[in-house]
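Each of the next two complexes has chain A plus one more chain, namely chain B in the first and chain C in the second.
Up next is the complex of A and B:
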């Protein structure tokens, strides 16, 4: 909900989503997922089963008091709280999101904590921040002394990963985690949501720059970014697994060792836009147009199936030859 | 799998050999990460030939991470960042090879529960991504070693297959020191047991690597006078006797690495090119490291004897 001072000045939103495979040999049931994501006793875990299973933790807050990562290297202090939540999709894919809203102007002096606590999930500048330097900076600047939102998300992943009662750490396939850094600025009055940029950087980093209709709840934007991150992770992991294993070699068992876990654990997770707020649906349309996530996914899935069909034929021929 | 590389004394080639092991496992298709816990003298960036890392790791390396000064430890993709001619292109079929460099800037070590938790969290995150995690510990009984033993005793890491490589040179002093490091009063086993490890299980997970061992069968030694050669053979036998007496005889040895100029003088990665084309490294060393890399992952060579 917007506080009175925000109705006139623009409010930016920034966040990071980390996506990884749950460290477990099997998918968790909804009941187990609920236990895993119970980060607070005073708030519920949200469980949905249509379309697809999705479990969402309550929000937790982390207090921060540090420099804003600004592209123009200006030193502006930001004080407030960063909100975080975790999500588990199909009992298999674990995501941790950390995010905050940032009005471009805050009080001229550092206020007592009570002031900031009354605005949960908001990072207030002491003074002003230039809008574009903030949006750009968040996607590029990672420096000592600046806000390190990735660490907050990582700490949440680590906290969940410590749940030895529910997790056996025996992952069916090794995969890297991805980090999606996103920023959103309000669109012009009357305009809808749009995707200004989506880039793949090194070390599993993706950056997303969005415009969202004024008044959009930040959790809706977070939900969109989690959905983007999840599908990007699926593509990244599939490409890595398929490209790094020289198929075409005659060794059928090696091929099956790679393809088996993909079929068992990943192929059924593709469902772009399923849980995205309707006002933000246009963003997925843009991505499907160019670069075309689903197009690439279906090609990859086809490759998996073709390889499996080929293996079946080959093993049959071998059986006939030796029999 | 988690592998700790330890040694009682310096100069055993522990770091450089472990890095070569990590490299060879990655060539074989394992996803490997190498953690430089040797905070006194981080050598990994030099061996991997990534010169900028030391500067980059300032305040973001493992030391700073364990001390809570940064939320995440820096990761460096070796294939992408190395300036080594041969390593630059990741061979097809090779797994990932990632370095987590140490840094000297993290201040004094605080041996509290918080750094233990951070260590466990780090390993937990890495095991999702890598099938081999190699941790290079500094020489002697160090804080890093205690941390390694405490972390692996925690419930979160109990299910992770953990192995220890203890490097020593093939001399009387080194053999005795290595035995003491493992079974001595303040050694790995007694420290481990006091932290909650099972004695037999821990012992079964420790193997020795003999470094800089002169291979008396090699042409290198064929020129020495017969009297000297006989004397060397005699010394070798005596050393075997001492090692066996201390409980680190052949059955506890995972492998030996020959006396190799490239490891001793240059401390560098040995690639097949060094052996086959430029011939600066000996084929025996290449084979010895390959054998070590294979045995490291082979259960047959591990467990209680």
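Up next is the complex of A and C:
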């Protein structure tokens, strides 16, 4: 729903995506996933089966009234709601997203709460925010008293992970969660979506700077960022697993113990851009060009398969030798 | 942004919202406790006689387009949730008679328990639905980390006073800080509303919370996964069962009545309900309504040339007449 302040002034969008393996020994069916992500009893859980299994929770809101994290350390108060949603891909990968839109100018004092609820997922500055300080600040400033979008996403993940009826907390492989912080500002009139930067930072943090065509639904941008985060998580996890195993060791069982779960749970999840809004498809093209996510993925997958083939040959030879 | 529609679609991935018809005004003709009914028909007659002039005034003042018929429906909510002293067969006919005696028609009769429990198998409880839609108004300084209302069962219109410390080093007033109403004009009127009591598995919803659900139902803002809820069941006004559970949750007693759901509500209530309705407004102010339902109302009212306020609070009004 477009609100009056968006027709005249630029609107920024920011968010965080947390990605992790579902704490469960097996992938959930769509029916189970629907139960898991029913964050509100009376709302729809969106279920898709093509081109892959994907279940999306309803959007829930968290009210905030605090300082914007601004790069220039200016103190501007923001009031409104941060939206959150969760997604489960192939019953296996769990993601929680929290995000908001912020027009650069808002009412000069806090309004009745109903005013903000009529603008779900919008954080209105009390006064004005400098555009670039806001975008930069969101990716860099983590100060007490400032908006803590990470704890909102974390609370959602925690809420879902408490579902003891559906989850057994027995994960088939150890992996780390990643956080992807993203910002999007409007592209110049007539220009399409573009990726300005994708950074792999430390501690599992990734940052993404986007420009999107004016009028793009924020949920489309969130969908793109979830897709980027999911594939980045797959690459990160694969690289880590292949890095720290003892390939070439005489005993093949160690290799199988590492590679088995990758084949069972991760290899079939690669499907970049499959659910991304068409207007934002160009962003994936850029990433495929440089650094080439799919190129790296296919190389890793090939390595997994080569290792398994090698193991098969070795064990056959061993069987012949001993037999 | 206009974009060609996708060739491949899955209906489970693209939810829809069912529409409902709308009157201009939903007029509630009072509310009574079970004890009031026990006082007999004369008590009921006094009630409706006191309501009548104010109901007429509300009808005359209904916001509606200048031309065309003004659609006003009347309703009455019977409390069968907190106590059931009499059966529908004993209680309803005298109620309808008393209203008629005052020249009033009750178009729709609802049971308060309908606002609580699920009314059909495999449907969501209306109270649970609204509970899941509360978005607390954040006191200044809220940056995203607070215990959710679903765990405490209390909803405030501001910041609570911090828990009192009992350190011996403090004097009688030391350490106390007042609560504050968010957005107060000068001084606070702080309210903390109990939404339910009991355990999460066996909740007893509060009167205020059920009254908030009732307002949202009348405003046509509730859905269950896109489907309409509390749809009226046509009912002949002369036969009522001996068991409340045998009575549908919402009855249409007048076959020619305007729709139950309306753009605005007006409730003519005894002033003893003022604190409850204040609590209702605290709840409504912090409820995020179904976006599909809100869009549906906005579209319908705009097609009639009406410009509705966005919030449910601004669409609900009250009359607390003297002597009621």
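The working rule: the second predicted complex is superposed on the first by the 323 of 323 C-alpha atoms of A that agree within 3 Å, B and C clash if a C-alpha of one lies under 4 Å from a C-alpha of the other, contacts with A are read in each partner's own complex, and residues count from 1 in each chain.
Keep in mind that, in the parts below, a contact is a pair of C-beta atoms (placed from the backbone, for glycine too) under 8 Å apart; a residue touches a chain by one contact, two chains touch by 3 or more.
A quick note: this is a predicted structure, and the numbers were derived from the prediction, not measured.
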- Message: Based on the shared chain A superposition, would you classify chain B and chain C as clashing or fitting together?
- Response: fit
- Task: Answer with first, second, both or neither: which of chain B and chain C does A:152 touch in the superposed model?
- Result: both
- Message: By residue count, which of the two partners contacts chain A more extensively, chain B or chain C?
- Response: C
- Task: Go through the superposed model and pick first if A:201 touches only chain B, second if only chain C, both, or neither.
- Result: neither
- Partner chain(s) touched by A:120 [first = chain B, second = chain C, both, neither]: second
- Report for A:43: first if it touches chain B alone, second if chain C alone, otherwise both or neither. second
- Task: Return first, second, both or neither, reflecting whether A:314 touches chain B, chain C, both chains, or no partner chain.
- Result: neither
- Applying the touch criterion given at the start, work out whether A:65 contacts chain B, chain C, both or neither, answering first, second, both or neither. second
- Message: One more residue to check, A:82. First (chain B), second (chain C), both or neither?
- Response: second
- Taking the CA centre of chain A as vertex, the centres of chain B and chain C subtend an angle, in steps of 10 degrees, of 100
- Is A:239 contacted by the first partner chain B, the second partner chain C, both or neither? neither
- Message: After overlaying the two complexes, what is the shortest C-alpha distance between chain B and chain C, in Å?
- Response: 6
- Pick out the shared contact residues on chain A: the ones touching chain B in one complex and chain C in the other. 148, 151-152, 155
- Mind pulling up the chain C residues that touch chain A in the complex? 1, 3, 8, 10, 12-15, 124-125, 128-129, 132-133, 135-145, 182-183, 222-226, 285-288, 290-291, 295, 310-314
- Going by the contact rule at the top, pick out the chain B residues touching chain A in the complex. 31, 59-60, 70-72, 75, 77, 80, 92-93, 95-96, 120-121, 124-125, 127-131, 155-156, 159-160
- Note on the structure: Per the touch rule above, chain A residues touching chain B in the complex are 20-21, 23, 144, 148, 150-152, 154-155, 157-158, 161-162, 164, 168-171, 174-177, 202-203, 244-246
- Message: Taking the touch rule as given, give the residues of chain A at its contact with chain C in the complex, in rising order.
- Response: 1, 39-44, 46-50, 56, 61-67, 77, 79, 81-82, 110-115, 117-118, 120, 145-149, 151-152, 155, 213, 215-217, 278-279
